[in-house]
Amino acid sequence: MSQHKETIKHDFEPNIVAFVCNWCTYTGADLAGTSRLKYEPNVRIIRLPCTGRIDYNLLLKAFESGADGVLVSGCHPNDCHYNLGNFHARRRFTVFRQLLDFVGIDIRRIQFAWVSAAEGAKWAQLVTQVTNEVRELGPFTNYKRISELSFPYKELEPEPLEEVTA
Amino acid sequence: MNYGYFPGCSLHATAKEFNDSTKLVCDKLDLELKEIDKWICCGATPAHTTNQELGIALPFANLQLAADQGFDTVVAPCAACFNRLRSADFEVKHSGYTAERVGYITGSRTDINVRILHIIQLFRDEYGYSRLKEVFSKPLKGLKVANYYGCLLLRPSLVMKLDDPENPVIMDELTNLTGAESVPWAFKTECCGASLAIPETEIVLDLSKKIIDSAKNAGADVIAVACPLCHANLDMRQKQIGKKFGADYSTPVLYITQLLGLALGIDPSKLGLDSHLVDPYPVLRAKNIL
Amino acid sequence: MARIGVFVCHCGENIGRTVDCSVVAKESAKLRDVVYSVDYKYMCSDPGQIMVKDAIKKHNLTGVVIASCSPLMHEKTFRRAVQETELSPFLCEMANIREQCSWVHEDKVLATKKAVDLVRLMVEKVKRNTPLEPIRIPVTKRALVIGGGIAGIQAALDIADGNQEVVMVEKSPSIGGHMAQLSETFPTLDCSQCILTPKMVSANSHKNIKLYTYTEVESVTGYIGNFDVTLRKKARYVDDSICSGCGICQEKCPQKKISSEFNTGLGKRPAIYIPFPQAVPNIPVIDKERCTYFKNGKCKACEKFCDRNAIKFDQTDEFINIKVGAIVVATGYEMYNIGKNNKNGIKGYGEYGCGEDPDIIDSLQFERLLSASGPTFGEVKRPSDGKVPETVVFLQCVGSRDKAKGMEYCSKICCMYTAKHTMLYKHKVHHGQAFVFYLDIRAGGKNYDEFVRRAIEEDGAIYLRGRVSKIYREGDKLIVKGADTLSGSQVEIAADLVVLATAITAQPDIVPLAQKLGVGYDKYHFLSEAHPKLKPVETNSAGIFLAGACQAPKDIPESVAQASAAAAKVLGLCSATELEREPYVAKVYESTCAGCGFCIEACPYKAIDNKAIVNRQGKLIKNVAYINQGLCQGCGTCLSVCRSKSIDLAGFTDEQIFSEINSLFV
Amino acid sequence: METLQNIAQGLLERGDVSMVIGYTPGTIPGKTKTIFARTPEAAQKLTFNENCVNNLSIYLTRQYGNIGEKPVALVVKACDARTVNVLIQENQLKREQVYLIAVPCNGVKDEHGVEQGKCKSCAQRVPKDYDALAGETPAPVEIDPTLRFKALEQFDAMSPDERWEFWMKEFEKCVKCYACRQACPLCYCERCITDKTTPRWIEPDTSTAANLSWHITRAFHLAGRCIGCGECERACHQNIPLGLLNRKMAKEVFDNFGYRAGESAEAKPVFADFRYDDKEEFIR
Amino acid sequence: MKIFKITGTYKDLVETLLSLDYKVIAPVNRNKLTRFDFINSADEVLSPDEVLNTVRPAKEHLFPMTETVARFSYEGKKLRIGDVEVPEEKSVIIGLRPCDAAAFDAIDKIFSYVYQDKFYLTRRNNTTLISVACEHPDNACFCTSFGISPDSAKGSDILLKKSKDSSLFAFISTERGEDLARTINNIIPEEQPDPGRDLYEAAEKNMRAPLDLPKIKEALNTNFESEYWNEFSRCLGCGSCAYLCPTCHCFDIVDEVRYDKGIRKKNWDACQFPLFTLHASGHNPRDAQNKRYRQRLMHKFKYYHDRFDTHLCTGCGRCIRECPVNIDIYEAAAELCGCEANI
C-alpha cells in the first residue's frame, strides 16, 4: 500500500477540508484507519449525513476560514444510503464549480470524489494526491488577501485594557 | 502511417522466409515497413540470463534508435525480439533505477514512448479484421491449421498484453479469415523447448513430439507458428523425432505470414515455402491450394 | 455559558502510540468553554464510562466530547452512558482521533496537533447541540425473507415460531435452493433431501409464513419498521390455487429435450415442469421461451390433459404490495463458471478448456450425478458416453484464491465436499480411484478434519498437493498435467472424469437488489455486514439483516446459525411496540419559507409536501413546506436546495457545521 | 388591432381584473414608471415604448400583495412572460391569477438610451403564451444563437488570475444596497440568506470578500432560474456587470442539462431534479 | 467671506493641493463608476464641466460604508476588548457640488448631537471641503428648494466660482478654508471684489421650481395614514436612494467573529430594508414597502427639521436619477401636499 514517508519536510503545508458523507466515505476513511494505511495529516474531515447535505455555503466558508483546498466525497451513484442525495449533489456542483472557476478561483483547489465504504485504499490515495496537488498550487493567496482585508484585526496590546470575565 | 521494422537476427538468417513473407504480405496490404537503421541484436533468450542489465539495455537501444529515427511504432515479427523489446520497455518504465542504468549504458534518453507491436497485432489492430476479410483473393478452403503460439508471444502476460495467456485466439481468428479452418487443440501454448535444442536436444524432441502429436490428433494438416525458434524446433527436427519414436512425422510447419500470403495469392516460392525441411507442397496440393 | 468536558482516550496503544493524549487533554483544557479535560487509557471501558458520568455530575457539564475512536464504533456506547446522567445523550460528540488520526499518521507532532484540532472542532459542535428526543415510530410486525434456500427457510421458520408473520419470496419455481441439489451432506453424510424436505414442507404450511415462489422483489421504500415492498409474482401460466400437482401435464408435454437448470444441464425437463420431485410448492411452471404454444401458437397439450384446467396461458405478472418491519436477505450464491463470458472482472479458465469438454464438470454437477433424484439416478456415469469412470480427478481451488482470475478469497466449503465426493464415489464405484489436487486442506469445523482423514485413509483417495496446469482430451482419456509439490515431481494422470471444485460467487443479479435495499456490497458483490466481528448479520441499513452465502461463502451449519441469528434480530426488533429512531430529522422555519417547493421535489422519501397557512377567515396567507417527521430520514438534501435557508436538520444544523468550519484553522 | 389602452379599459370596465399593471411615462426623459391602473380612466395612462425596460412581473410576487381573489392584468414583453413561467413553476402564483397582455417588442433601452444586452440576442419578440395581444405579432427575427453567450467568450481566453483581478475590481465597488436583489422578480424570499444571522453565512459589510460571497450566492441562487431580463444589471448604479454571472450560469445549466429557464411553467426546476446519466467527469 | 482670484486653472489648483501634505480626494471615473476617491495626479480628476455630479457622494470618506469600531479576543477564558483609533490625517475634498457640501453641514448636526461620533468628527475636522459652483444643473436637481443655490457656499470651506470671463474665484467662508488658502497663497495672491453670479442665475432658471417646504411639512403632519402612500407600493425596497444620498447617515453594528478573535463593524444601513425595523418577536411596524418609503419622506422633510430645523435633503437629485422604478422624491413631496409637481 502507499507507504508515505512523512519525514520529508515541505516549506508550505496546505490546509485541506474534506466534507464527507457518513455512510460511505467516512466509513471508507475509517477502513483506511483499520487497515493502517498512511496518508497526509493535512486533511480535516467534517462528517455530514449525505453529500446531499453538503451545500455550496460550506465550501465558501471553508475558504474564508483559511482552507487551501476543499475535498467533497460521498457514495457512488446508486449506492447512496438515502438513494438520491449524491445525484443532487453531482448536479449542483457541476454548475457551482464552473461559477467559482468563472470568478477566478483556481478550480483545482476543489476536488470531488466518490469513495465507498469498501475503498479505504482509494481514500488514503485520494487524500495524498489532493494534498500534493494543493501543495504544488501553494497557499490560496488570492483569497487570503481579500479575507484579511475584510477582517482587519490588529493584535490587542499586551496589558489588558478592560478586564471582563466571561 | 509508417512503422519501424525490427527483423531481428534470425529473420536475416535461418528464418529468411518469415522475413520475406512478412514483407510481401505487408506490401500487399500497403502497410509500409521501414527497417530501423543500424538495429542491433535484441539478446533473444540467452542474453538476460547471463547479464540482466545488458539483457534490458540491448533491446532498449533499438527503441532509442527507432525514436531518434522518428518512428512512434516498432513492428517485430519474431516472438523473441517482440518479447525482449516489450520487457525492456516495461522494465525501464516501471523502475527508476533501471531507467538510470540503461540511460548510463546506452548514453541516450530513456523517457521515450515507442509503441511495440507483433506482426499479427499489426494485422489485427492497425489493419483490422473487417478490411482483412475482403482482401483474401485465394481462400484456403478445406485446409485444417493448428495455430501454435508457444511461450514468448504470450508470457509474462502483464508485460506482453498480446492475448489471454491461457486461451489465445488471435492467430486462430487470422487463420479463419483466410478461409482455412483453425482446429482447437490442447498444446497451442505448450513450450517447444526453445533454446534447449542445442544443449538438451532430447528434451526438445520429446516436447516437440507431444506438440506435433496433439496437432495431428486434432486433425490438423499443417501447424502455423509466429516465432522462428518454434519453427526451427518443430520443422527441422521432425526427422529426428521420427527416428527416435519410430513413426513418420511429416506435418508441414508454416509461418502465419506465409499462410496469409497464400491466401493473398502470392507465389509460394517467393513466400519461401521451398526452404522448409518438411515439404509442404504435397499437403497443399492435396488440398488443391497450389 | 457552556461547560464542556473533554475525555481523551489512549485506546491502549492504538491512539497513545502516535498521539500524545496528555498534550491533547492539556491543550483542550485551555479552550474557552472546556471546564474539565482528562485523558485515560480506556475510555470505553467501565471505569472510563464511570469517569464520564461522575464528571458530568460533579462539574455539571452541559456537553461532553469523547476523543477516541470513530463515532460509528462507540457513539452508541458513550451516549448510553451519558443517558444515565440527566444530560441528554445528544450532547455527547466523538472526535475520531484513532481511525482518522493516530492509525493513519506516523509523525507524532503532526498527529497530536491534528487531534487537538479535531477535539476543538467537536467542542464547538457540541456547544451548538440541542437535547433531542428520539423519534418513536410504529413497527410493522411482519418480516420479509428474500431467498428460499436453507438460510431463508431456517430464518422464516424461526421468525414464524416466534409467532411473527413472515413473507418468504423465492425467485425460482420452488424453495430449497442449492442444498436441494446436493446428494449427501458432510460431515455426517445424511442425505440433503431427508433433512431439507421436512423444513420445506413446514415452511410452506406454517400458519405464520406466506410463501411466494417464482417471485422477485420489485421495489423497496421506507425505513426500519416501515418498509413498503412491491413484489413481482412472475406469470407461472398455472393457477396455483387449482393445480393439485398430479404431474399429467409434464408427461404430456411434447418438449422433452430442454436442459434442466436444477440438474445443472446434465438432465432434461419438459417445457412445463417442476424443478425436482420434492419441489415445494408442487406446482409446475411453463417455460415461456421454450413452450411451443408461446413460440408458434400451436400445441396446448398440457391444457388439454389438465382435468382441473389449471393452465392459464393469459396469466400476467402480478404486483403485490406488502408492508414489513424487517427484511432478511438470504439470496445464496452461484458456482463460478469457467467459461469465457464472466462479468465483474472475473476471468474464465482457458487452461481447462473453458468448460467445453463434457467430461470436465463442476462439483455441483457431480452432486447431481451422485444424487438419487439426479439424471443418472445416483449412478456415477460420464456425461459424454455414460461409461462408469475408473479414474476421477478432483481439482480444488478452481477460481478461488486466484488473483489472476479475480477471486482472491477462499470459498471455504470445497475441501469438505470434495472429500465427501471421493468417499461417495468410492462407495459407488469400488474399483474406482480418486485423485485430488489440493493447495491446503481447510477442514476447521466440528468433526471436519476426521472426515477428510477418513476419505484418505479408509476410502483410498490419493491427495496430491499441487496445481493442475492443463487438462486436454486425448482420445477417450482426459490428460491431467499437474505437479506434486511434496514429491517435487510432475504428474500426468489419464482420467475418465474431471471434477472442478469451482469458487462460490455472489448471485449475478444481486447488485440491483442491494441498491434497492440500500445495502452495501464489496468488490466481489458479497453483501457488506455492518461489522465483521460485532454485527455479522446486520447491515448499515437499519432493519435489514443478512443470512447465508449472500454475505460470504459458508457451509450449511454456518448458514443455519446465521439464519437463526438474523431471526433473533428480527424478533428483537419486532417485539417492541414502537421503535426509537435517530432524531436527525429536518424542520422548516415557516416564517421565512417562501413556498418555492424545491425541497418537495428534491426529497428522496417524499416526506415534504405543501401546507397552506390560512387566517381565521380562511384566506390564504402563504404556502410553506411541511416535513412529515415520520418519513424524513435526515439526509439533508432539502437544506441544500433551500435558498433562503429556512430548513434545518437536527444533529447537523447549519449552526453546528458553521461552528466546526469556523474553528478549523485557528 | 386592439391598443393596449382599449384592452386594459375593457378589462377594468368588465371588472375581470382587479388592476392592470403597466408602464406610464416617467418624470425624467427616457424613464418610465409603473402604474397600477385600477379604474378605466387610469388605463388611459398606459403606454408602451422602447423605454419600458422594467420587468413588471416582480409585482406579482407575494410581498407586493397585489394578487387577490380577482386576477391581475400585467403588460408583458417576451422576457417578462418567461419570468411569469418561472414564478408559476415555483408555486408563487397560479396561471389563472394573472391575465397577460402581451406587447410585441423589438428591443428596449435603459434611461441612458443604451439598448439592453438581452435584446440583441432575443429572437422571440412576443410571449409564447398570453391572454390578449396589444398589437401585431411581429415577424420572427433570425438571430444567430451563439449571440446569447457571446459576452462570455472574453472570459474563456482569460487565465483564472486575470478573471480574479477583473471580478475583484468589480466586487470592490459593491455598496451592498441590494438593488440587484430587490429588482429581481425571482428574489422573492421573505428573509434573504444575507439577512440570516444564525449563522451568518454572508458578512453584511462591503469588504471585497463579503461582496464576493454575496455575488456568488446571488448568481448560484439564480442558476437555472434566471431568464436574463437584465434588471439586476440595470438597477446597479455601480455598473457591476452582474448579468455576466447570470448568463454564465444559464450557459452552464444549458450545456450540462439542456435546460432553459422559463420555457414552460410545468417543467421541474433544474436543481430540484437530476438524471441518472448526468455528466460527472470532474468526479474522481 | 474672503474672495480671492485664482491665478491658473482648476487643474493647477489640484496640482498645488497635491504638492501639500494633504490627502486629495476628487471626483474620478474609475472602472465605469464616477465617485470621489484619492488621487495622486491631477489628470485623474474629472473637471467640473466633464461631470455634473458623481454617482457616489463623497460621504463615504467621512462616514465609511464599513468601519471597525472595536476589537475583542479570548485569551483562554478571559475576554478582552480593545478600542480602535481613527487616524488624524489631513485631507481635502475638491470638486464637491454645493448640494453635497450643504449635505455635510446637515449631517454634522446628527453626528455631534448627543454622542460625539469620534469616527465621523475626527475625519470631518481634518477635512477641508472645496466645492465648485454648478453651471449646468440637470432636470433632477432641485437644491433651490432648500435655500441652496448653484453657487451657495453653505457647508464648504472654499467655494470656487467662475466670473463672466471664466476666470476662477475662491470664496473662503471658514477658518479651515483660510488655513488651507494660506498654504496655497502662491495661487490665490490677494483678495478681489465679488465677480458677480450672473453665470449661476442663468443656471437656476432651468432647475425645478423650489418646493413649498412648510406646506409639505404640514401635509406630512396630517397625512400619515393617507391613501396617497399606496402610490409607492411600486418601490422595490432596494437601498439605492439611501446609499447614494449624501445626507443619509443610518448604520448598523455587527460583530464578525473568527473563533476566538472578533471585530465590531459599523456598516451602512437603510430604512428601506425590512430588516431595519424587524422586531425580535417577528413583528415589523413598517412591514409594507410604502410605509418604508413614507418614513424616508418623513425623516427628510419633517423629523430632522423638527430637531435641527434643517432638512435632510439638499436636492442633489441622485435618488431621482438612480431609482430603478423612477420614484421621484420631489414629485412625491409635491403631490403629497397637493401642489402641482412641475418638472
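Labels for the chains are A, B, C, D and E, by order of writing; each one numbers its residues from 1.
The working rule: contacts are C-beta pairs under 8 Å (C-beta built on N, C-alpha and C of every residue); 3 or more make two chains touch, one makes a residue touch a chain.
Computed from a predicted structure; not experimentally measured.
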Task: Common touching chains of chain D and chain B - done: C
TODO: List every chain that touches both chain B and chain E.
DONE: C
Task: Nearest-to-centre chain - CA centroid comparison - done: A
Open item on the list: What pair of chains is linked by the largest number of C-beta pairs in contact?
Closed with: A-C
Open item on the list: I'd like the Å distance between the centres of chain D and chain E, where a centre is the mean of that chain's Cα atoms.
Closed with: 32
Open item on the list: Can you compute the centre-to-centre distance for chain B and chain C, using the mean CA position of each chain? Integer Å is fine.
Closed with: 50
Task: Mean-CA-position distance for chain D and chain A (Å) - done: 36
Task: chain E: positions in contact with at least two other chains - done: 74, 77, 256, 258
TODO: Mind pulling the residue numbers of chain B that touch at least two other chains?
DONE: none
Task: Shared-contact residues (touching 2 or more other chains) in chain D - done: 191, 201, 203, 205, 207, 271, 273
TODO: Please list, in label order, each pair of chains that touches.
DONE: A-C, A-D, A-E, B-C, C-D, C-E, D-E
Task: Residues of chain C defined as touching chain E within the complex - done: 30, 32, 124, 591, 662-663, 666
Open item on the list: For a test of understanding, state which residues of chain D touch chain C in their complex under the given definition.
Closed with: 62, 90-92, 188-193, 196, 198-199, 201, 221, 268-269, 271-273
- [ ] Over in the complex, which chain C residues touch chain A? Could you list them?
- [x] 1, 32, 70-73, 96, 98-101, 103-107, 110-111, 114, 117-118, 121, 515, 518, 520, 522-523, 528, 540-541, 584, 602, 604-605, 633-637, 639-641, 649, 651-652, 657-658, 660-665
- [ ] Using the touch definition up top, name the residues of chain A that touch chain E in the complex.
- [x] 65, 150-154, 156-157, 160-166
Open item on the list: For a test of understanding, state which residues of chain D touch chain A in their complex under the given definition.
Closed with: 155, 160-168, 201, 203, 205, 207-210, 212-213, 216-217, 219-220, 223-224, 245, 248-249, 252-253, 256-257, 270-271, 273-274, 276, 278-280, 282-284
